[in-house]
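Remarks on the structure that follows.
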């Protein structure tokens, strides 16, 4: 079932390994078939180098396992919350990549300090608010998703394809699982360049909006000119 | 003798190389057979790429060589002290990995700043007190072990599977040599993320206990839900 | 057409990948045939690992495509501006490499803090001034080139073979595409060493001119003694 | 002539590449035959991946070429000065490795902050004084050697097997070319750990002398117990 999606979600998971974003079994990628209302996600705690497409777990949007003999990633409820709130999301990725996690632990959103950032995020990468003891104690992973959604009340998730969960780490998304993984790789690099920038100049200015939009819209949306037709 | 344990201890030593934790002959991993009261440890100063399972040295808990023609790692007495004080330890690893060593040299314990940390350590990674000139002058390696044990007077080594020896570097342990090596890799990453976090925000808060425990207990102990059954 | 130049420009692009200067389709290298008045440049958004010499795009100095079925890099007008203003430039490279980009975002030129720097740049690596909203809104890439040229009003581009575009990233050049790529690699390392130097000593002094020139002229110009005859 | 020494010096040069200490043609290693009064050194500006043992240049202690058709490394006079002043030196290495060069540019010696350092250097890694305009203008490379020798007036080069040349970079030595290369790799790591340590705690203390000597003498000298007999 959903063999193409399985292959793509496997590939998205392996991309995280290839790019050095995950240690051991850290991280997870998923993809959704909107037509079927089904999600394909990495199993929990399975080493990447032994993972096959048939190890992936298929669930519905309530998290009920539809296919697969392994337990899904424990972060599944966060993925589901994102899919339900952001209809354009076709894939979701979570990592504990070094620099993005450091910003999340520092409780700082990543300011848009340059064109590399603006090529992918039309504004700062936001950091969520703190979760309450109640939210942590029960339905923790689902509530993590709710914290993300609250943070996006006035943000467009197609223009800001990722977030830092305070004290935890980054989640990214995209039109597909592969694009979500791509965005996770980019976010880690943006986080690293921004940390280095602020070490050199703590008062480094954010990009002007006209400049930020120039770059973002050169790569995204109907007027995009970057890449091939 | 102890061929399976030899193979596992060899593998634990090689894991340190694969993960970039050791330079040249730095570092050492050991494992214990509690049934036999025997420890298998890396020989001193032998290059990892030529090391075989039969090069490993077997000693008893007094450090007497039971099998092997090579000298054991000079840190053997520290390993033995840990095995004698922490009955749950099945393996011990020592490295001079970059970031963990920097925290040890800085005389700072690593605060629990995020969920990555809490997934493995149920609280800060502690740093030992200073050793006296007497402790350094004689039975130095054994006394290093005693400094570790003193630091754990009010800590549970099954919940905090590692320590920073002030001015020296990290020791980790686990139920097996491989788990101890795994914890050494994780500790290095936690040390790196924490250093980056504090550069971004010197006042970054520690994780609330309820949150820390949520993550630790999701992966460890009888209620663990992470991974496969 | 221009097959040798195509091969060299391909090689220059691949050098950026090999040296870890580019992520995904980031960056671009070009080369010029002064005799023909033609430029060979990377196509826009094509993955490096599938790129062949025949994918490269040939344009004239007005940016009109002379050969090739793919769109050229969107930074083409910046390359053309550099070729038109700096007659000694035989190749141009643009990257978003981590440390050079951080200096560009920090709006700081890289001071000449040591002999490694002086071996390649006879003075600080300059950073451009800010671009106006008008310059960003239309003919942005061409205006980026103009900002570079303005910054070099009193600088010799054969002695300072690169620049940081404020809020954006580095451009380098050289007598050939390969030398431009080489200079991009060197610049990234200089940027990294300088950032580390200033973290250790914010008041680290610049190299005296006599010393800087000693190193620069040992490697460049008619009195060069470095390398083989 | 000197075929074994040629092989060892080639190996020492390649070790610098394998350990990531050099970019392109940066760096150089040499070895000496004290019996013959001859030095074997890397040729100037030759890429490491094409270098063979027969490309190496043999000179006497005055720098006269005895064998070889290529120019020797431009740093040859510094190597010769070291060989003449430090009779125990069998090999010399110079690199521009990132962290050691940053300390050299920062004009800071590397304090002995931990046991990793003390395992190799019995005290801080010293930094040379500034060179005068005269020293730079003529016989620059020889004068670089003199600056090193002046810095060691009250230091023992067998206990401190390396130095930072202010504004330039590290030189290391050892009983052989391979040991000099080994020390260059260690120095780069010490430089990195020390920089990270001081970022975490600018007041991190130096190791007490008794502790420093414990580690140094465990590995070096007649009472060494580290490694195999």
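We call the chains A, B, C and D, going by the order they appear; numbering starts again at 1 in every chain.
The definition used in the following text is that contacts are C-beta pairs under 8 Å (C-beta built on N, C-alpha and C of every residue); 3 or more make two chains touch, one makes a residue touch a chain.
The structure presented is a predicted model; accordingly, all values stated were derived computationally and were not measured.
Contact with both chain A and chain C is made by no chain of the assembly. Its C-alpha atoms superposed on chain D, chain B is turned by 90 degrees; the angle is given in steps of 5. When you average the Cα atoms of each chain and compare centres, the chain farthest from chain A turns out to be D.
Although chain A and chain B carry the same sequence, what matters here is overlap: shared residue numbers make up under half of all numbers found at their interface. If each chain is reduced to the centroid of its CA atoms, chain C and chain D end up 33 Å from each other. Centre-to-centre spacing of chain B and chain C amounts to 46 Å, using the average Cα coordinate of each chain.
Chain contacts: chain B has residues 198-199 touching two or more partner chains. Every pair of chains meeting the touch criterion is listed here: A-B, A-C, B-D, C-D. Residues of chain D that touch chain B in their complex: 113-116, 182, 185-186, 189, 192-194, 196-201, 204-205, 207-208, 210-211, 214, 218, 225-229. Those residues of chain B that touch chain D in the complex are listed here as 23-26, 43-46, 70-71, 74, 96, 98-99, 101-108, 131, 133, 136-137, 140, 167-169, 195, 198-199.
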